[in-house]
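Please read through the structure below; I'll follow up with questions.
By written order: A, B, C and D. Residues from 1 in each chain.
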Amino acid sequence: MQPKKIVLGVIGADVHAVGNKILDYAFTSAGFEVINLGVMVSQEEFIAASIEAAADVIVVSSLYGHGELDCRGLRQKCDESGLSGIPMIVGGNLVVGKQQFNEVEKRFLDMGFDRVFPPGTSPETAIEAIREILKMPEADSFT
Amino acid sequence: MDLVNSQWTVDELLQQRQDVLNQWPTGRDVRLEDAIAYQKQLPEHKIFARKLNQAKESGTTLVQPRAGVALIDEHIQLLTYLQNEGEADLLPTTIDSYTRQNRYQKAEEGISESIRTGKSMLNGFPAVNHGIEGCRRIIESLDIPVQIRHGTPDARLLAEISYAGGFTSYEGGGISYNIPYAKNVDLEKTIRDWQYVDRLTGYYEEAGVMINREPFGPLTGTLVPPCISHAVAIIEALLAAEQGVRNITVGYGQCGNLLQDVAAIQTLQALTDEYLRRYGHGDASITTVLHQWMGGFPQDEAKAFAVIAWGSTVAALAHATKVIVKSPHEAFGVPTMEANAQGIRCTRQVISMLGDQSVNTHALKDEKLVIAAETRCILDKCFELGGGDIAKGAVRAFQAGVIDVPFAPSRFNAGKMLPARDNDGAIRFFNPGALPLTPELLDFHREKINERAKEEKRQPSFQMVIDDVYAISKGRLVGRPANYRS
Amino acid sequence: MDLVNSQWTVDELLQQRQDVLNQWPTGRDVRLEDAIAYQKQLPEHKIFARKLNQAKESGTTLVQPRAGVALIDEHIQLLTYLQNEGEADLLPTTIDSYTRQNRYQKAEEGISESIRTGKSMLNGFPAVNHGIEGCRRIIESLDIPVQIRHGTPDARLLAEISYAGGFTSYEGGGISYNIPYAKNVDLEKTIRDWQYVDRLTGYYEEAGVMINREPFGPLTGTLVPPCISHAVAIIEALLAAEQGVRNITVGYGQCGNLLQDVAAIQTLQALTDEYLRRYGHGDASITTVLHQWMGGFPQDEAKAFAVIAWGSTVAALAHATKVIVKSPHEAFGVPTMEANAQGIRCTRQVISMLGDQSVNTHALKDEKLVIAAETRCILDKCFELGGGDIAKGAVRAFQAGVIDVPFAPSRFNAGKMLPARDNDGAIRFFNPGALPLTPELLDFHREKINERAKEEKRQPSFQMVIDDVYAISKGRLVGRPANYRS
Amino acid sequence: MQPKKIVLGVIGADVHAVGNKILDYAFTSAGFEVINLGVMVSQEEFIAASIEAAADVIVVSSLYGHGELDCRGLRQKCDESGLSGIPMIVGGNLVVGKQQFNEVEKRFLDMGFDRVFPPGTSPETAIEAIREILKMPEADSFT
């Protein structure tokens, strides 16, 4: 069986690289093929890479607080580029400041993300969610 | 223009200046004579360098937060609160991430959105967009010195506006605001752009205006060994001094081991003094700053206070000139002003409780010798690579991996070196990459890592590094494996 | 019965027992066989001494709060919260002040008032009034060991009920629960009453039940020099061991200077081991406890966290077996369970961040030599005064001011000795009173105080002592005069 | 002029001695005559000492949390003993836990105290209040 493909990146003008490097390592160890765009990734780059790789899921990180401004319109652009329906999940420190997470979640779901994760989500949780979304069979837990 | 470490002529500065000022409409309001006149009428207690120098003399440690929001009135309210309720000694104006990328149009949209939604949609204060008048309103509303803190690879326009706006200190440097803060920006270009900033600072200095400059010490804030950040700090201090800067604060981000951290601050002061003296800048006045833990924080506020207090302890026992403070909201997002003030007050309590104490031990001396030796290896190699010119040398050092910052986003950074903690929590080299260390130093690091591996009954591996990245936010310093001692 | 330090016969114990159990109706339910059987069926993880001994072996520091409210269900809820949300390793049951004075009728009124008003009107848990069944409900509801913490000069009935109720550790001693906690209670009487408690503990021990005993280290919590509290702790350890106690935790209240505090914990362990060995109790298992700052706290919670974290730092770097935790509400009153848990989590973070580090310096060694020499001077004089008997010697030592606790309420304490901090914040003797120190040690203290006076440009005076009492709550360690460095 | 007389003590089963010793020192330095009953003082002892010394004011401390239980009825007992109207002030950590001070204050004013002070009140404030209550002229500030 072909490994599932993840397009991974940190959106916008965001340079937080540590979590990105760790997610890359964790996803790869868990058997995924990771196309890691690194930090400072524009919406266009996410889309081009997903088309090129025929990605199964897009994983967006945003740590620096401008997530809301940066993520708007991504779903529409995907739809317009022939990626309609591609699973998209997002996590990190999405908004400025310590806000009620359920409100933040709602705003990002409304923008068209399939799942939204709060600050400090572990790679294990991310992997679990991706498996669920891609309807993959349960695997041995990530170590 | 070839990159060299020599002072720009005034003409060279003025030539570039028009282009810089034209980058955004607010730039056109900057007049040097008017700016200098404005700076000169500032009262002494608003001048950053003076307060730092006084603190250094009396051996006290000043306390400074980070803070910035999108709109002027809210920003003034925030800083006033940190000054009065937070008991801060020095204030910041932290710049938003769009401005840092010179995306002033995006910042403008962030301002409008913030007005519309009634909450700050930017993660900092967009000083360029607000222009000189906006900046001066800030300076005039406060009673203590204010510094611009950012992370801007090309910070020329921001410097012009900040200085004309009355700010008396400016963070950053051509390396420290590139490698951790950018992905694709050429190192030669940023070093040159920061020569501009430094030359501008020097120009003010010659006109009798003291402006403090502060290379950004912590780099990626994540397991950066002292010799790496020391090498960068000293190079940036040399570059700044060459352009006429006379007040420099070199910085260091807490690593977590008491002795390594105290040793690091003390060697940072000593080595910077030494290198500046050696290269003809003995008259520059050097101070130090310790950044409280710059890596991932625990989410629980009580635990975050513990991390904040531990950083303060190090600052106090090392007698750093100032300490940059985190807040109990760190793991979540930009703090509320209340949370920010709590971080400052917690810090203040530690600083003033412990300010009379010092540590002085053989182990500390050993640690100082190690850090100094490593830093010299790197710096001397940089000079060699540059054929005696440290600007050229720095660029080549990054190409060669002679300076290598862990977890940096920049593609101009080798990323081969991997750090990990030893058994006492001091940061050592798990993989030294191409660092030009002596065989003795390399042995020392290998032994330290092996000692830990033995203690943890596992082989040294990248998992160790990852465990160390998460450790503090999970309540430890050394990232021990799950089965450790159980 | 003449007070001597020799083991009571079982008969002597049982003779007194009926009177003790008759002091309050709940006492009549205590049956030794039943109590021992109950203790024996407790699972290992609820046994205090075991957890302490494991921690000592592995070099970790356990975290324990203080807590107690008037009613059983609320008390269980509180402790459950501290266990689960607070992440405590060890739990307390702090006893209210009426029970401590054996005023069980007043405690009964406090219970009724608490039920009526719906809030705890007592500052602790009245264990005697709630009786054996109430205590067992507590033990059965929790998953970790629980200790009785109090301040009761005559704690015989409380001990009987606590042990039968399943508590596996008991704080206090004939000196440490008299001098700081009473005004008019004869020292001979309290030492004798605590021989009862210790003999009872020894009786359980002989029956195969491990019960941990903990002399109260901090005394008045206010500027107590290490040698004073060490002398008291070691005397109480000797008295307890003589009655058959085999698990003893000796304690010390943080003074605030890093080296003095680390030195104090380390000498406390070493000297207690030594004196017990010398007097035939080498088989007793000794552990240590550091109490976070026991004097006046700052009101601001962020500052209180700083003080809490500093205490935790000392516990971690000294590798104390456990640390007793304060809360951010300390300056106001008994903490809410949330505030209490915050104190524990802040402590836990520091302990686990720093647990891998140690300090080891020449200054530390010097400090250890000083503390050990002072403590020996006092203890040896006590033995001399008692003609070789430490029980007698202790009583006479207090009469003569050979042991002298600052700020103690008891009229059996001389109150001539005055402590003050030196320039580094270590506690020294401003006025040594009648302490039997060598001329060299006296000189050392005089010099240290004079150094400070010189630095502050004032004469040593009682005002210095007062300034030191307020210092921590005002954000400093050394109480400098208003005009200091200004 | 005769110095004014203060009867000072810590009420109930309370043994907190540090503040008491400092108040004694501060009041004495400020020129008052202090009859210090120390810690663990019963209502009866306060009254007996105040009668014997012909006190001008009674200063009650309570730190340990049982202040409310311990102070009840003191005013009535004063009235019955011929001390009716004697100024009485109270301070310390009066109740169990961190409570709203204005509510605590109200409860103690209702019990008949003339002034009630929150945790951590400085000796300077205490002295000022006593001067005010006894209508004494402003003095040089306490040092």
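Operating definition for what follows: contacts are C-beta pairs under 8 Å (C-beta built on N, C-alpha and C of every residue); 3 or more make two chains touch, one makes a residue touch a chain.
Remember, predicted model here, so these are calculated numbers, not experimental data.
S.K.: So what's the Cα centroid distance for chain A and chain D, whole Å?
M.R.: The answer is 65 Å.
S.K.: For chain A and chain B, let me know how many angstrom lie between their CA-based centres, rounded off.
M.R.: Their C-alpha centroids are separated by 30 Å.
S.K.: Counting in whole Å, what is the centre-to-centre distance of chain A and chain C, each centre being its mean C-alpha position?
M.R.: Comparing mean C-alpha positions, chain C is 54 Å from chain A.
S.K.: May I ask you to sort the chain touch graph into line, ring, star, complete or other?
M.R.: line
S.K.: Where do chains touch, given as pairs?
M.R.: A-B, B-C, C-D
S.K.: Which of the residues in chain C come into contact with chain D in the complex?
M.R.: It is residues 97-98, 100-101, 103, 106, 109-110, 113, 119-123, 151, 180-184, 220, 222, 295-296, 299, 329, 331-336, 339, 407-409, 462, 466, 469, 473 of chain C that touch chain D.
S.K.: Would you mind writing out the residues of chain A in touch with chain B in their complex?
M.R.: Residue positions touching the partner: 12-15, 17-18, 21-22, 25, 38-40, 64-66, 68-69, 93, 95-99, 119-120.
S.K.: Within the complex, which stretch of chain B touches chain C?
M.R.: The touching residues are 58, 256-259, 298, 300-303, 305-310, 312-313, 317, 341-350, 352-364, 423-425, 472, 475-478, 485.
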